[in-house]
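By written order: A, B, C and D. Residues from 1 in each chain.
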Amino acid sequence: MGGQPSFDVGDCNMIEIGIVGGTGYTGAELLRLLARHPEADLRFITSRSEAGVRACDLFPNLRGITDLAFSVPDPKVLADCDLVFFATPNGTAMQMVPDLLAAGVKVIDLAADFRLADAAAWERWYGMPHACPDLLASAVYGLPELHRERIKRARLVANPGCYPTAVSLGLLPLIEAGLVASERLIADAKSGVSGAGRKASVNALMGEVGESFKAYAIPGHRHLPEIEQVLGSIAQRPVGLTFVPHLLPMIRGIEATLYATLLDAGTGEDLQQLFEGRYSGEDFVDILPPGSHPETRSVRGVNTCRIAVHQPGGKDVVVVSSVIDNLVKGAAGQAVQNMNIMFGLAESLALDAVALLP
Amino acid sequence: MGGQPSFDVGDCNMIEIGIVGGTGYTGAELLRLLARHPEADLRFITSRSEAGVRACDLFPNLRGITDLAFSVPDPKVLADCDLVFFATPNGTAMQMVPDLLAAGVKVIDLAADFRLADAAAWERWYGMPHACPDLLASAVYGLPELHRERIKRARLVANPGCYPTAVSLGLLPLIEAGLVASERLIADAKSGVSGAGRKASVNALMGEVGESFKAYAIPGHRHLPEIEQVLGSIAQRPVGLTFVPHLLPMIRGIEATLYATLLDAGTGEDLQQLFEGRYSGEDFVDILPPGSHPETRSVRGVNTCRIAVHQPGGKDVVVVSSVIDNLVKGAAGQAVQNMNIMFGLAESLALDAVALLP
Amino acid sequence: MGGQPSFDVGDCNMIEIGIVGGTGYTGAELLRLLARHPEADLRFITSRSEAGVRACDLFPNLRGITDLAFSVPDPKVLADCDLVFFATPNGTAMQMVPDLLAAGVKVIDLAADFRLADAAAWERWYGMPHACPDLLASAVYGLPELHRERIKRARLVANPGCYPTAVSLGLLPLIEAGLVASERLIADAKSGVSGAGRKASVNALMGEVGESFKAYAIPGHRHLPEIEQVLGSIAQRPVGLTFVPHLLPMIRGIEATLYATLLDAGTGEDLQQLFEGRYSGEDFVDILPPGSHPETRSVRGVNTCRIAVHQPGGKDVVVVSSVIDNLVKGAAGQAVQNMNIMFGLAESLALDAVALLP
Amino acid sequence: MGGQPSFDVGDCNMIEIGIVGGTGYTGAELLRLLARHPEADLRFITSRSEAGVRACDLFPNLRGITDLAFSVPDPKVLADCDLVFFATPNGTAMQMVPDLLAAGVKVIDLAADFRLADAAAWERWYGMPHACPDLLASAVYGLPELHRERIKRARLVANPGCYPTAVSLGLLPLIEAGLVASERLIADAKSGVSGAGRKASVNALMGEVGESFKAYAIPGHRHLPEIEQVLGSIAQRPVGLTFVPHLLPMIRGIEATLYATLLDAGTGEDLQQLFEGRYSGEDFVDILPPGSHPETRSVRGVNTCRIAVHQPGGKDVVVVSSVIDNLVKGAAGQAVQNMNIMFGLAESLALDAVALLP
């Protein structure tokens, strides 16, 4: 193929970026998005296990796009970056983030290390001690539609989980407006298998998960406390959520069907206006017309969350359907959105692709 | 291939059977199941559009199994059967059933014509006048786990819808025991695309529904009044259900995740015992051990409903996950189960296959 | 969503474009690609059946991207365009193209009307008389890697079929170099279901084509004479091809495995160099390293053709595996590539996305 | 669920059976088939890694069918069986088979240990020394349609590979009749992912293989020498085959499209008669009518191989399309067929299910 690698090298005005842990789907998606970002100068991508391997040999869609090879993470090189993304398993970022912050590097963690403000809760749900609980208070939960101003000033952003993004955006207007019983929320969420990551496992073999469907983690999923924290901060008191995730026989996409009880059964039109008003001006939230049902394919590969709100039979139960691409708005896309905000760029820079349909 | 067609012809002790409307997936599945039924003498299968075509030319899995060709329905021939299955679009069976019953033929309708006891409700949801509302009272709703004794004596069985089967079996023990707030039930159900039938349509093209997921019919689905009727008859008062169906990018299988509020939050073990006790002795309902999550593939091709019951966090919300194969327990398999009951045969006759996994 | 529709309106320096027949997958893909084309001013998209409907109501990925609605084709409006794409069924473009060319409009036909130079052959394979056989000689077959110079000057481009693109690019270097027995070629090709289009049909239902695989059209497929024409023009004598297409249980992607007999068994390295040399400088053909196997997902959504060449066991059979996205390099992407060439733009303009993987 | 486990225990006339290595898809499929075999008394199923785990906890389709738990293989217990199936990785069976044969136990190996008659070739392709090369001569290659009489008398059957079954059955009549150039055969084969087994691996994750398609092992696949051996034994001289396997984004099914050059181009009707004649009387080979294209779904879950033969354009290339379920006729089903033959039972015993379609 003709042409040059797309990542510019050495332009001193660009943002110098490192990615720690780039062999998973989230890392691959960051590479895909940053490859077309006009202000991103991707300096390195690390992986201990794949050090020396070119990213495009692991992810053939990157052939002709970048010649970067994975490297062993080097603290000195990391410290020279303007921004480091962590696309690592839970528990890795917290080992390296204190030094990076001390060196003046900004950090966006796509794992869960800094999502929960309560260190004890984090340790209970994630099964390990937290390496830097003192940083939790200064980490900003990177949901731009809720915390844009804080993200602008943040040095450490905890990029939200995929389910929490879809669920929170769908319930946020109702909770903010105080319209529903916040102690009795239900989120029935379904995710494509890319959410399980790219690691050797029997449970995610196509022979195991193709042509089948199931709920999982009904007794409790790590995204439950995260969602309850987000919604609780909006409600300004603890909320009660029943959260059931399910595994879809497809690769990308999350749909969350949300059920809430209206305190005072209003009209469907009011809810529609509520949602449209709340998200007017937001580039990445699209409220569908009344009577709609969003499809996950309508957001395949893009950073948009599409939402429909219903009030079936005019009764007191409001039903919201919210869809995202779990790897984009649910991970790498939202991370780039946060980066754009943190560095004063147009929020949609490099995030203006059209979803791939069919 | 060697061997003889599997359908016996002319054995005077066998049940003489006709299928009206056999070109859809439900008809194909009836053919598959009856082909191995030792007491079934399938005499004919009708289709106006495909008259003269052999069933095995439409459904190549039937090659070597049956040489039957579709024929135009003939009232005289129908009247000579012991049993007629209707696998027709809604509104067809009701035109022919009165004459068949008058001729002494037993009928199992796999469509919706006789599912709702209230003719006015039927006409509202199905958008046409009912041709024989006087028969509705004598039709038996064919959910054997609820109405086995009535089915034994029935001459006209309304075979339940697919969603209603999965949802009703999952909620039945809770409603019967009076443990949950029956005015505030939620059923979040997901179905494979075979539930949409086998007719030319853009909406069910693989290009439209593959690798995507969505809710549909949130404002109201025809199975809502059917489920409310079943559950209401158990509760002996009207129930309130929010029912949201979804379309899965796969072919066979329904999973329903059911949410109910305990009137008095009990223990998980009690619920487990309740479900196991309710369905002990049932051949086609399998209560999984505590902490389980049933997969739709575990019932692929078989008449079993597998159910798990949870009480997340020990709170007052009970979560039930219920799976069936929509074409078997949700349609043709349950119809054969009803036939076995109506004719005094072993209930599991011809229904003892092992699910195809993977 | 914030922001303005992406299609610029009324910039007098931009290329004014119309799309005739925009309700299929090819039309949708043209919309997706042109939406991000900086020189394209899409004026209208026609559909008789969907006139008045907004494109984004049919294709929800276009919400927030374009507000264009389908319109009834109007010859006068068409005649004001710089360029008209036909994304219509076979036999439609040939009715309208003569008038458009007379009005000075350039045309790219994504259907088959102008692909075969021999009108009699066209009529035999397509089963209808040709409306303007006199135009066939001046139509340029739009495979840029073969006919770039002619495309630059073309007023009417016949955009290649999907299979012919994958097969021709894979065999071209071997035929050009005269290395293989051109009377004994085999192309075993496999396509995702989007190749069958977006029209109501039982045969493309997910229930019919999901989780299954088959060959089709073994006795003869319309793309056979097209491929034989392309390869014959390279070989400068008739070639003999056995072409067997197959239907894949997925949406996008074509893989063609090609078998040819070397006239004089050379070494694998020579073939690798031959392919790399032939396509050096080509933006949209990527020759993989020796020993590779291209995956269709590596080109999902992009205009690239990836090719690997093998000589198993060092014997005299050369095996080529060639993959494209049937809707991009096999249809709309190649059409945009041809447009860029015809209008003197950078050939990769609006075609530089990164493939969506996973 | 009611009822008793289906496996009879202790009936002294039944065949006492052990399965070594039952945690893969082949082992699971053997369990599924033997569960309904009236003459099979399954005594144990071994797995070192899963010892103590019930099979139905790994494969939930077996709930209510068998309560057998995996056990550590015990030579003494093995030696008491009438028949032992090996569903182990390559290289395991050859360690245990000599002792079993010495103890009078019959063996069917579903792995590759005894498929190649040439120990040196085996060691080259499988990368390890053979533990009992002296047994290779007495092992019978278990393709019943070719070796039925030898299988009847066999004590050790090498169950054929999945690709070799589909390819050999498709080419066998042409080779036997000496109609085609046997030094120039091509097999373009495609398999569902269950062929890759059920072991933790990145390469078979749904995120890696879903919605994508590729060729693999073009330089050489272990099934190549196996097929060449089978066809060579028919041709009574070495054959030349180009064999290219591909990975399908689905679970079950193999389709092989086979290309051969007629030595003397005959008529299509003759080839049809040739195939029908060769397989008349065979329960598990179905020759489709002229002009047909077999679908893998038509054999899902059953032991049938469906074949269509074509002569496109009446030229000298014959094209055969052959489909099987790789886990049934390509593995466990053929093994049960071989067992039935070895023990003098009806060949189709427990193999008479109807394929699951859709």
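The definition used in the following text is that a residue touches a chain if its C-beta (ideal position, glycine included) is under 8 Å from a C-beta of that chain, and two chains touch if they have at least 3 such contacts.
Bear in mind the structure is a predicted one, so any value in this text is a computation, not a measurement.
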Same-residue or different-residue interface between subunit A and subunit B, half as cut-off: same
Contact-richer chain pair [B-C vs C-D]: C-D
Maximum centroid distance from subunit A, chain identifier (CA atoms): D
Subunit A-subunit C separation of Cα centroids, rounded to whole Å: 35
Rounded Å distance, subunit C centre to subunit D centre (Cα mean): 40
Inter-centroid spacing, subunit C versus subunit B (mean Cα positions, whole Å): 45
For subunit C, residues that touch 2 or more chains besides their own: 25, 194, 198, 207-208, 210-211, 249-252, 294-295, 297, 300, 358
Touching residues (chain side subunit B, partner subunit C) in the complex: 25, 193-194, 196, 198-202, 204-211, 249-251
Residues of subunit D touching subunit C in the complex: 184, 186, 188, 190, 192, 207-208, 210-216, 218-220, 240, 242, 244, 246, 248-253, 255, 257, 259, 261, 291, 293-297, 300, 308, 310, 312-313, 315, 317, 319, 321, 323, 358
List of subunit B residues in touch with subunit D within their complex: 1-3, 25, 28, 32, 35-36, 59-65, 194, 198, 210-211, 251-252, 280-286, 288, 294-295, 297-302, 304, 306, 327, 348, 352-358
